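This is the structure, below, for whatever I ask next.
In this document, chain identifiers A, B, C and D correspond to the written order of the chains, with residue numbering beginning at 1 in each.
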Amino acid sequence: MLSSLIFIPLAAALVIALFVPRDKVNVIKAISVTATVIPLVVVGLIWSKWDYATQAMQFVEQHSWIPSVGVEYFLGTDGISFSMLILTAIMSVLACIASFGIKHREKEFFALYLVLVTGMYGVFTALDFILFYIFWELVLVPMYFLIGIWGGPRREYAALKFFIYTLVGSVVMLVGILALYFQSGLGTFNMLDLTKAAYPLRFAWWAFLALYLGFAVKVPVFPFHTWLPDAHVEAPTPISVILAAVLLKMGTYGFLRVSMPILPEAMKTWAPFFATVGLINIVYGAFVALSQKDLKKLVAYSSISHMGFVMLGFAAATPQAITGAVYQMFSHGLISGMLFLLVGVVYDRTHTREIARLRGFYITMPVWATIMAFASFASLGLPGLSGFVAEFLVLVGSLNVYRTITIIAALGIVVVASFYLLMMRRILMGEPMEEWKKLPDASPREMVTLIPLILLIALFGILPSTLINIINPSVLSVVAKLGGS
Amino acid sequence: MSVQMGFFIALAAITLWSGYMVVAARLITHAAFYMALSFVSVAGIFILLNAEFLAAAQVLIYAGAVATIIIFAIMLSNVREIRSDADCPPGIIQRLSLNLRSERLGILPVVVGVIFGLAMAYVYLKAGWTTNAQPAFTNTTASIGQELFTTYAVPFEVASLLLLVAMVGAIILTIKEGK
Amino acid sequence: MIPLTFFLILAALLFGLGIAGALLRTNAIRMLMCIELMLNAVNLNLVAFSHYITPGVFRGQVLAIFVMVVAAAEAAVGLAIILELTRKRKVIDVDRTTLLKW
Amino acid sequence: MREYAWLIAFIPFVSWLLIAFFGHRFKHGGDKIGIVALTISLVLATMVLVETANVAMQGEALGAHGPALAAAAAQAPEMKGESPDIGPTFDRSITWIKIGSIDITTGFQVDPLTAVMLFMVSLVSLMVHVFSQGYMHGDVRYTRFYATLSLFTAAMLTLLLADNYILFVISWEVMGLCSYLLIGHWFEKPGPMMASMKAFITTRIGDVGMLLGIFLTYWATGSFAFKDIAAATAAGKVAGPMLTAMAVLIFMGAVGKSAQFPLHVWLPDAMEGPTPVSALIHAATMVAAGVYLVARSYPIFHLTGEALAVVAYIGGFTALFAASIATLAQDIKKVLAYSTISQLGYMVMALGVGGYTAGVFHLLTHAFFKSLLFLGSGSVIHALHTQDMHEMGGLSKKMKVTTWTFIIGTLALAGVFPFAGFWSKDEILLAAFNSPFKLLFWVGILVAFMTAYYMTRAVTLTFFGKPRDHHKFEHAHESPSNMTVPLIILAVFATFSGLVNSPLTGNWFAKFVHFGAEHGETSLLVTGLATAAALLGILVGYAIYGWNVIDRKKAIRAAGPLYTALKNKWYIDEIYDATVVRAYMAFSAFTAWFDQHVIDLVVNVVGWAGYQMGLACGDFDLEVVDGAVNGVGAGVMAGGSRIRRVQTGYLQAYALALFGAVILGIIVYQVIGG
């Protein structure tokens, strides 16, 4: 089951790279869409067979790989990773459809894109550290090219910055992984077995630091966040979508899958730090976003702000807070993905992202503008939409643990609201500008990518238990490891 | 000092000297010939180590094939080397300093090379090696053949594939345009 | 009986020479030669280990053969690249070919 | 019937979906859908109200606190364990989120408070729907207007039905969204554009406080459901500063939504929206939701005297403060807006001084007469196309219905016997009189006087005297029937709705909607003072503006700075702009600068340093010396693309770094690994 998620996109990538001539663009697109839709169906199948009661890994596949050092081909999924798989499945299809707007070197683009999809599925299913690391790096490489070749004017700088930043992070992470491997003395890279070993606190603290650097860069946590706006701004639309929707979640997923279960004692000493950086992310990200002049940068900084809630939730380590954090990962994936799609729509037409040059879009592109308003409200946490549930749970869960921090974080919500409203006021309201009066509204293809997201955001806002029931057992096991109630 | 030791010292000296000349020779053609010489003396050392097959292969592949390709390449490229064409200054110190300084990196390359060699030597000296007794003379070539076609059959095939690919690659790279 | 360390030190020095040369000389062909020197040093190590540590087993020698194969392939491709370079850009200095730079 | 109460909110919700997605296919933009939906809702709400009233009165007949409670009270007479009775409550809930053993439920409940509010909201909303057909006729975004109106009504009704804080907050915010959308209905114009944003953000500040309060409540009581919270607080689970903190934080939500000082600034600006919206959202229903919130949370509030004091004083101050501004406002809608703020302050004050019934009662009557007044002003604006009262005058000759209904509304607001406002205002003053907050009683009297004064001023300037703008006056005409009929209906309610809590009906309302047993003795002194103040206000107002007994120019000069301050609304907006808003934007600009020029610079410098180290002294002259010199300057200027220079492209530099690193590795291994 899970292997098919990984190998179908990979096989499709190889087919595109080796057998399809570059001028058969439609064939390439058809293969790509098929190769992303099949995993979506597979994820659906898994959902239909999902066991809501167990905390254990499900759909496990375990084969010996490099026995001499204890590396295995070990896949499995629990509630936390499965929610991420759902997100990946949805967003990879939508981003694939959004990629139809790419107009040069389609063959390379889609091949790399499918490799990227492979890597994402791999990260969220791997339960062996080496496998995990391989997929982690596998995501990095296509991303570099996708930004560097198809990006905006400063793409090379952005791609390099992204690459070096995350590469340094992941190398440090590898050091942490190896340290765990040697310290545990179990001779295995199996993540589940490594949770059972005992680590001296001093060692655990340092190992945690190494892992933290690797994951924090991906999240990204202040002050390692500056690659994000650059990468987002320069990346082509579908890649921004994937970057925001899925890639950022890899970092927080790493905390949840690796750092917290394996080094719970260290996590406890790190928790106040987590809460603090989470708070900084929330408030700082929002304030920086308020002053952005570039629409895409604004959305990028809002991502930073939202990921702060995830960190805060981790720090509090109550069932509500961690559930909220996972929910935020999911919901932010949908919402920020949607926002980047929307920004892409208007950029395709106007070739500018400068807020000052856009005005009156309620009148020129009413459908687009309405959806943009919807997405903005979803992002600022309007109750009834999925973002609210997440922020609500995180704040509820954290209030009793970190009172001052939570109160300030809640005030951060006002700042988030203010920059979105300011943005909407400037872009959507007002008399339309002469030069944009003739713009066509969102095309059917764009609507195909947007409508599912609208429905999902509303669905997960109104009936959160659809997802929470999946997440819940795994979250409780993490909480139990951390010694919470 | 045994005869073997004598041979070893002689061969080692030739190897190192010709190696140095590969780096320092004024003309690149000379460097190529020194390289061939160095390869041959390494082959001699191989014989000291009971590896006749390898010695033969070394002479054939390195001293024969690789050196020839390189000389061909030098002739075909026919581009003058910037540095080595400079007038040879008098005095050994000046010559050394000219030879051992890079334009861009200064004396760092030499420093790195020396430190590296010394560091490795130090490591080797410090490590306690448990050497095993030499067996009676065996037919090395036959044994290697045996190994190659049984235990290492797959890598062997892969290696041949690599050579093929390299050959094709080389041809494609050097194909003249417009054909 | 020559001690193992002698061979190893010889190899280390040869390798050091190779490094120094590869870093010193900007001529691509000469760099290639120096790399061949380094590979030779590696081979020397392998054969010495094979002889002293696992006598009667020829793993080290087999590996050395593979190294030779790679060296030959490398020489072929490397020189082809160099030839193409001189043909196209009339340059053999690696300093002048900074394609990797942004 | 009560088990179907959720339909009351659900039907407008469906109508929203229908209008939003299919409205433009209908002949009249889907307005009929909304009206039909609300008519059904109104019928249902009436049925629910009747049933609840029947149940309540049966309970009343059996015992003062209903049979169940009476039995409980009998078991433990002095126990703190029972929350004060709020009448028969019908509750249905389902699990919304389940996290381990933590069960967060959601559902709806119907108790007397909900029942009367449901009736009021659906009635006013229906009136506004009908009125808007005329007022918004020909508007470019007619369909959007009706869709949002429907969504708003659905949200407001959901809010009333919610049996827990989560559903409450959800509908609360959806209402805020609708308010934002409707204020910004004419978003091409700068006024609505700014006003909508200001409204949303200002209320959001209050909402954050409310959310925190709710979270605190959750941790203290373990539930979001009203009935569990009531039980927990009554059982004494929470006490002291914690309880006060909970109450004050929740009250912040009310301060934002009900436009209490210091977050009142958005409501006057919200008048940029269409007038029917002002009537429905910014006078009758949404802004009253803050008062409803306090009433709903009364199980928390009534146990903490400190919080009640805060509520009472903020309410009282707001009432006085806003009334003072209303006395000089020139825009007819602004007069009504400040009057709304003032009256909301009145209600909040009532709740603060312990007059639960009084506050809710005033909320109800105020909804009728204030929506009447707003719709009346809408009718005037529709006729004249101006909102400035100095361009009006003499309209009573041309707009009979509007004039008379407006006067009824004014009398009701001023609190003249026997109109609705008289009864409810009397109750509030009585509650204040009987409470320890004697000061607030006198504030109430003063506000009553000012209210009567500024409303008389508005009526006189608008409808009587001579027309001041003849051109506009010539074109004035009475509004069409779909606008006047709602006025008449609301006028009927403004006249008679007060009687439900009068001696005539045996104080029926107080028996129906109450919190525990609270019955102040009626006091003739209070009634007399209030009536006197109102009549005096009317007299003074008419003397100045009708009979012109004093020279207004001279009076202005005599008042001097006071006049300027009032005219400029006590400079609150200016103070906010100069301090909070400016500091906020400056801080944001600073963080953006910091992010780009400090953090990113560090990143780039680290990259640059890595590049320098990698190269060591490679090409000493050109790169390092030059680089160091430039580095200091250029590094400070802007890191920019420095990081890319790690990639020199010089093959040998890479190789050098590689081997250097290997050596370093050997050394480290030798030193550490031993």
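To be clear about the criterion, a contact is a pair of C-beta atoms (placed from the backbone, for glycine too) under 8 Å apart; a residue touches a chain by one contact, two chains touch by 3 or more.
Since we're looking at a predicted model, the values are computed, not measured.
S.K.: More C-beta contacts across A-D or across B-C?
M.R.: B-C
S.K.: Measuring between Cα centroids, what's the chain most distant from subunit A?
M.R.: Of all the other chains, the one whose centre lies farthest from subunit A is B.
S.K.: For subunit A and subunit D, what's the span in angstrom between their mean Cα positions?
M.R.: Chain centres of subunit A and subunit D, defined by C-alpha means, are spaced 36 Å apart.
S.K.: Give, as an integer number of Å, the spacing between the C-alpha centres of subunit C and subunit B.
M.R.: From the centre of subunit B to the centre of subunit C is 6 Å.
S.K.: Let me have the rounded angstrom distance from the C-alpha centre of subunit C over to the C-alpha centre of subunit D, please.
M.R.: 79
S.K.: Let me have the rounded angstrom distance from the C-alpha centre of subunit A over to the C-alpha centre of subunit B, please.
M.R.: Distance between chain centres, rounded to whole Å: 51 Å.
S.K.: Among the residues of subunit B, which are close enough to touch at least two other chains?
M.R.: Expected reply: 102-105, 108-109, 112, 115-116, 120.
S.K.: Hunt down the residues of subunit A that sit against at least two other chains at once, touch-wise.
M.R.: In subunit A, 156, 160 touch at least two other chains.
S.K.: Enumerate the residues of subunit C that touch no fewer than two other chains.
M.R.: Within subunit C, the residues that touch at least two other chains are 19, 22-23, 26, 95, 102.
S.K.: For the complex, give me every residue of subunit A touching subunit D.
M.R.: By the definition above, subunit A touches subunit D via 156-157, 160-161, 164-165, 223, 225-227, 284, 287-288, 290-292, 319-320, 323, 360, 362-363, 377, 382-384, 388-389, 392-393, 395-396, 399-400, 406-407, 410-411, 413-414, 417-419, 421-422, 424-425, 428-431, 464-465, 468-469, 472, 475-476.
S.K.: Quick check: in the complex, which residue numbers of subunit D touch subunit B?
M.R.: Against subunit B, the touching part of subunit D is residues 616-620, 650, 652-653, 656, 659-660, 662-663, 666-667, 670.
S.K.: For subunit C, which residues count as touching subunit B in their complex?
M.R.: Spelled out, the residues of subunit C in touch with subunit B are 1-2, 4-10, 12-27, 29-30, 32-34, 36-37, 40, 43-44, 47-48, 50-56, 58-59, 61-62, 64-66, 68-77, 79-84, 86, 90-93, 95.
S.K.: For a test of understanding, state which residues of subunit C touch subunit D in their complex under the given definition.
M.R.: 19, 22-23, 26, 94-95, 97-102
S.K.: Subunit A touches which residues of subunit D in the complex?
M.R.: Within the complex, subunit D touches subunit A at residues 95-100, 102, 166, 169-174, 177, 180, 184, 187-188, 190, 193-194, 196-197, 200-201, 204-205, 208, 211-212, 215-216, 218-219, 584-585, 587-589, 591-593, 595, 599-600, 602-603, 607, 641, 643-644, 646-647.
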